[in-house]
Amino acid sequence: MENNVILETEGLCKYWGGLKALDNLSLAFHDKQLHGIVGPNGAGKSTLLNMLCGHYKPTSGEIIYRGESISSIKPFEFARRGIGRSFQKTNIYTNATCLENCCVAVQRLMGGSFNFFRSRYSQKMLDDIATKALEKVGLAHRRDYIASQISYGEQRQLEIAMVLATSPALLLLDEPMAGMGHEESQLIINLLNTLKKEYCIVLVEHDMDAIFELSDQLTVMVDGQHLVTGSVDEVREDARVKEAYLGQGDEVY
Amino acid sequence: MLFKKRAERLFMWVFFPLALLMPMFLEQNEYYVNKLTTIMILSIFVMSLDYLVGKCGLITLGHAMFYGLGGYLFVILAPEYEAVNFWVYTFYICAISAAIALVIGLLVLRTSGIYMIMITLAFAQMTFYYFSGSIDYGGTDGVFVYVKPETSIFGLSLFDLDNPTHFYYLCLLSLFNTLLFFKVLVRSQFGRVVDAIQVNPGRTTALGYNIFVYKLMSYVVASALGAYAGYLFTLQYGFVNPSMLSWTTSGTALVMLILGGIGSIYGAILGTITYEGLHYTLEHWTEHWMLFMGGLIILMVMVFKKGIAGFLEDLLEKRDGK
Amino acid sequence: MSNLLDIKSIHSLYGDSHVLHGISFSLEAGQTLSLMGRNGMGKTTTLKSILGLVTPRSGSVFYKGEDITSLATWQRMKRDIAYVPEGRGMFHNLTVKEHLQVAARASTQGIKAWDFDRVLNTFPRLKERLSNLGTQLSGGEQQMLAIGRALVTNPELLILDEATEGLAPLIRKEIWEVIRIIKETGISTIIVDKNIQVLQSLCDRHVVLVKGQVVMDLSAQELQSNLAQVESHLGV
Amino acid sequence: ADPNPIKVGVMLPFSGVYGGLGDATRNGLKMALQEHAGELYGRQIEFIEMDTEAQPSRAPEIANSLLNKERADFIVGPVHSGVAMGMIKVLKDKNTIMIIPNAGIDAATGPLCAPNIFRTSFSSWQPSYPMGKIALEQGFKKVITMSWNYGFGKESLAAFEESFESGGGEIVKKILVPFPKTEFQSYLSEIGTIQPDAVFVFFAGGGAVKFVKDYDAMGLKSKIPLLGAGFLTEGTLEAQGVSAEGIQTTLHYADPLDNPENQRFRRDYQTNFGKPSDLYAVQGYDTGLMIASAVKALKGDISDQGALIKALETTEVISPRGAFTFSKAHNPIQNIYLRRVENGENQVIKLAASALEDPARGCKM
Amino acid sequence: MDSTLFIVQLINGIQYGLVLFLIASGLTLVFGVMGILNLAHGSMYMVGAYLAWYFVQHTGSFALSAFISAVIALCIGVVVERTLIRQLYRRNHLDQVLLTIGMIFVFNALQSLLWGNDPLGVEVPEALAASIPLTGIIEYPVYRIFVAVFCIVVAAAMYYVINKTRLGMLIRAGESNREMVECLGVDISRLYTIVFAIGVMLAAVAGVVAAPISSIVPGMGEHILISCFVVVVIGGMGSIKGAFVGALLVGLVDTFASVLVPELSSMMIYVFMAFVLLLKPQGLFSS
């Protein structure tokens, strides 16, 4: 297994003043696997993702990507190395079409972003790649819709399409199913199921059904600290996890 | 297509042909030619501001700094009693302003929102006070440009800058080029990233763009064009004064811009014409023109929610809809 | 009229887009009502229309028999309504403590069942974050705060829009427990949530929206017998 | 008679800080031309008024409009030196007459002098130069000078220094305050510690009010005499109140000046406009007199610019400030008076210099 | 500079800073806390000074005049908010720029129509007209000390209200999410009307208080406006403490720059601001 680790953290810490949002976390993420992260609210999951994509700088510790420490590079360089992410709150270009949203992503790869004169509409190839990304998440029929006019679930799909359009090696997803109806959730679950065959995915989610169904590896965090990592079944039966996170029994009254 | 909106195309077809013919109607009256020239020059200035504010989301209250620099750089660089070449100095002034903008941009663009407004203002005020207090450049009284540049290219002289009509056409041409340039820039692949940054900088960074560089380049380009406008303004009457650099110049440009319609590029021309036109009319009509000017501005904010350009666009679209 | 809330044929629009097409339902005092529907069917818009955050083009809202359609939002809220908005509505420049202080008040009847301390005891997580600003909380913490902020107004009608969104399972249970408790004290609640099992056991009435229209309006028993149909409306 | 009116373009600030000055100047101008309406050989006067807003960058445009659009015969203005520069740029050597009713910038009748440019007010040099001698006469050896850091101020200080230092006085410190700053406290503290024999300042308008009040409030006035160019106490006395008492200034005019023209002028101005006249009204008035006399001399035909300039050059203006004539550079050769503020008025103490002519350095005319 | 002069200048700097804070206090409230970009703030300062002059002429009493001026300013504030500002809360910040620049024009025109363009002055009220000897031959006017104390009182009161009271929390909350405040059962628009009016009143009161130690001239507001923004921004938006510290720093920088680098002194506060913002891009005390 060791050989296909693409991202690792070593003793990663993030302190907000006195608060240890993340304390000494060492994890390894493997290629072509979906790594679920769960934990109570405020456990530091979003903080972790924010550091893995360069949005926050770690207080201490290392992030190692394909064997190279990247803790000190600029935020935008994370994406350039193939680390793509979606945000906890939908984060798209609301005033542009879905296609245009993806084009922005593709253009970074294709170059030409410093071209002052070449029309942005002149490159067929760019459009094609963007369309492919939309197809991948099942949004092809919304290609020319303005992003603010599609439904919430579709917006989340679009966000994933944008990340895919940057051809990442690694996807960091923060609660992609939040606020989504059953049907839409199912769509995303199916999507992730296919995507994890190609990418390494780190998924933070409170929807237990989804996370149990999808995860190859599952990490539980509590109060900034690592609790357990293991397969879904291992984690599910772990007494500490039940106490700290899942609680006893079902969520039904 | 470069001009997508109907209002925009209509404007292009009405304004430029009219502007082209204007001097023929005004032949007997040099003043109007001069006045229109000033409006063209101001439009270039306001347009460059529109690119910054409306397209890049970089609100500055220090754009007048470059307007003034355009003038002062000429005074500083050009020998006092010798006609220099217009094109060469255009290049010098734009290049030096761009270099200055690059340095200032490196500092200024680290902040955003109101903080950026204030820090750009700070730099503009510094230059304002520098030239206001300078002995060499006439202090608050300003300086004269005694000899205007000549405009030959390879010995072929097309314009005579001392001839108001020639100068008018030069400015009109500059305005047209600026408009076209910005339009192309906005539509370009670079423009796509700039759009993205304005709407959602966080997302754009997460896609792997170094947004600082794009902002910086936009800032540099707009500043250089602002300086070019200032250079033209200086040449028009051959007079430079620190008030070109004052924050009220920036503020007035902002007013023209908002009036015209932010982010529409051609709205800059509409805004400038409206503002200057109102100013001119009211001033000739009553000594208390400020009262009416203020009242009209307030009225326009209430009525034209997206500026005059936005109003036109809505009007034409509504007609199309029916 | 014994109904706490009566909504009569509300039509609401955003600009030109017609979102609600004549919504009507009512809520008896003390009842808990769930509002269900897929994404974008108009649940949030319905709630906002009740609160006056969206002005309906036509239709009316009665609260305790009084027509409140033309009242301002704050006047409606003054009648002991509390709202937990979708997206949490944090104040970025207020601390957690201030969020609760600024909202705290007794109900018009002078009831003060919920106060600062009780909220903190319910969500101990917030206790450690009292001096954090609203936007410096984790997603779930924000949600807790939003609920707490609604509770300290000691409402008679509590409106929750996806209030368990982003909460960990344990906390979610906690919230449902809280709602059960306040239900017992006679507080009415309108809940928008996607967990149909919980809603089923918790709510007295169920309203299902499809494309801005009420397609089903069921009592708890009726829901049992029509579950399949409801689920098909929700796409479960 | 020529049925076409004589067009007088008026380029003054009617709004903003200098608005009051513009207003008074215009009133004086109109009053003079009204009084002499009968001697203009039937020519009507048409005024075209433009608000400069004291904005130098607008000056060329407005001057241009008066020149080319209105085709004014005379352009009267401005108050502000920066605006004067912008105007001169457009009007120098053109076929209109520019008459400056206030702006003192030395260059206007110095390096930039031109046949068609006249000034009825003063050069910055004129009112300040005589004060140097007077300071010495009164026994002041060490003086601090102070003004805003702009042309008018610096030229005034230089003129004072010229005569003061050549007579053996010493300038112990020269303080230039950035224009238009009016926070003087720190400078006054400095003056208080240096304790010179006297202080010579140039300030005008609002700045003058603020300075004089602060100077008094800091307790300096009774200990270190305050001298100034006359603008310090011109149009500001009411606002300065008792703080101004005892201040000595030199200027080419003083309200209570005892001559029949002045008495009549002040009376008529008061009845015409319902408020007391001031220096700026006088300067406007004299501008009117000058225009009237030239028109009269040419029997109403002002079409020949050469003749017009000749007529203007040789005019003797019988002004409320006392009669004056024009130097070769077209600047008044006039008396300068020493005044002291007593009971809220600039009382004339004595003649500080009679028929003082600006050296017009740099004028090649 | 010897030590006595240094101390005198220190006092001058603090005194100037306090006055600056007073003038900027209304802006801190309206712009910093409520987030409304009111460029006409300086105009209200000017209006305050002119009103003070006018009523001192007619009543002879400074205190009475101050009171009447404050009330009038409050009314102006209410009217302006109700009729104009209110329409713009949902719109772009830049529209507020345009609107308030329009208001500057109107106020300037009205000032010129009502009171003319001559510089005016208000005498220091009798009771405060004394001076106390400071050092050497320099005296310090009692009125300036009174002004300093007044500024400190205003600062303390504002700090208390904004940071410690429910009212203050509501005002701040309103800046971040108006709708949500209304959902707490608070009439946010009335609250905002009142707070805006108080902001306007503070500007006018600053004009009144400053009238005896300044000259009342057209355009006096525009000069001070920028300084006010500098103060608010250096301190950090929305922070009363920040504005207070910012004002004192600007006062000190300006005073010492005047003495040490007189030619560049006007520039110095801008250099200072640029410096602060480069080190702390959100101002000194931003949250």
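When the chains are written out, they are named A, B, C, D and E in that same order, and each has its own residue count from 1.
Keep this in mind: a residue touches a chain if its C-beta (ideal position, glycine included) is under 8 Å from a C-beta of that chain, and two chains touch if they have at least 3 such contacts.
Keep in mind that this is a model prediction, so the values were computed, not measured.
Fewest steps needed to get from chain A to chain D, stepping only to touching chains, is 2. Contact with both chain A and chain B is made by no chain of the assembly.
Traced through touching neighbours, the fewest hops from chain A to chain C number 1.
Set against the C-alpha centre of chain C, every other chain centre is closer than that of D.
Between C-E and B-E, more C-beta contact pairs are found at B-E. Seen from the C-alpha centroid of chain E, the farthest chain centroid is that of A. The mean-CA centres of chain B and chain E are about 32 angstrom from one another, to the nearest whole unit. Per-chain Cα centroids separate chain D from chain E by 35 Å. Rounded to whole angstrom, the centroid-to-centroid distance between chain B and chain C, based on C-alpha atoms, equals 51 Å.
In chain E, the residues that touch at least two other chains are 108-109, 112, 263, 266-267. With touch defined as above, residues shared between interfaces to two or more other chains in chain D number as follows: 15, 149, 178.
Across the whole structure, chains are in contact as follows: A-B, A-C, B-D, B-E, C-E, D-E.
Residue ranges of chain B in contact with chain A, taken from their complex: 184-185, 187-193, 195-196, 199-200, 202-211, 214, 217. Note for the complex: chain D touches chain E at residues 15-23, 149, 175-178, 180-183, 185-190, 192-193, 195, 205-210, 213-214, 217-220, 223-224, 235-236, 238-241. By the touch criterion given at the top, residues 166, 169-170, 172-173, 175-177, 179-180, 182-188, 238, 287 of chain E touch chain C in their complex. Against chain E, in their complex, chain C makes its touches with residues 51, 53, 72-75, 77-78, 82-83, 85, 89-94, 98, 101-103, 105, 133-134, 149, 153.
Across the interface of their complex, chain B is touched by residues 37, 39, 84, 87-88, 91-92, 94-95, 97-99, 101-110, 112-113, 222, 226, 229-230, 233, 237, 263-264, 266-267, 270-271, 273-274, 277-278, 281-283 of chain E.
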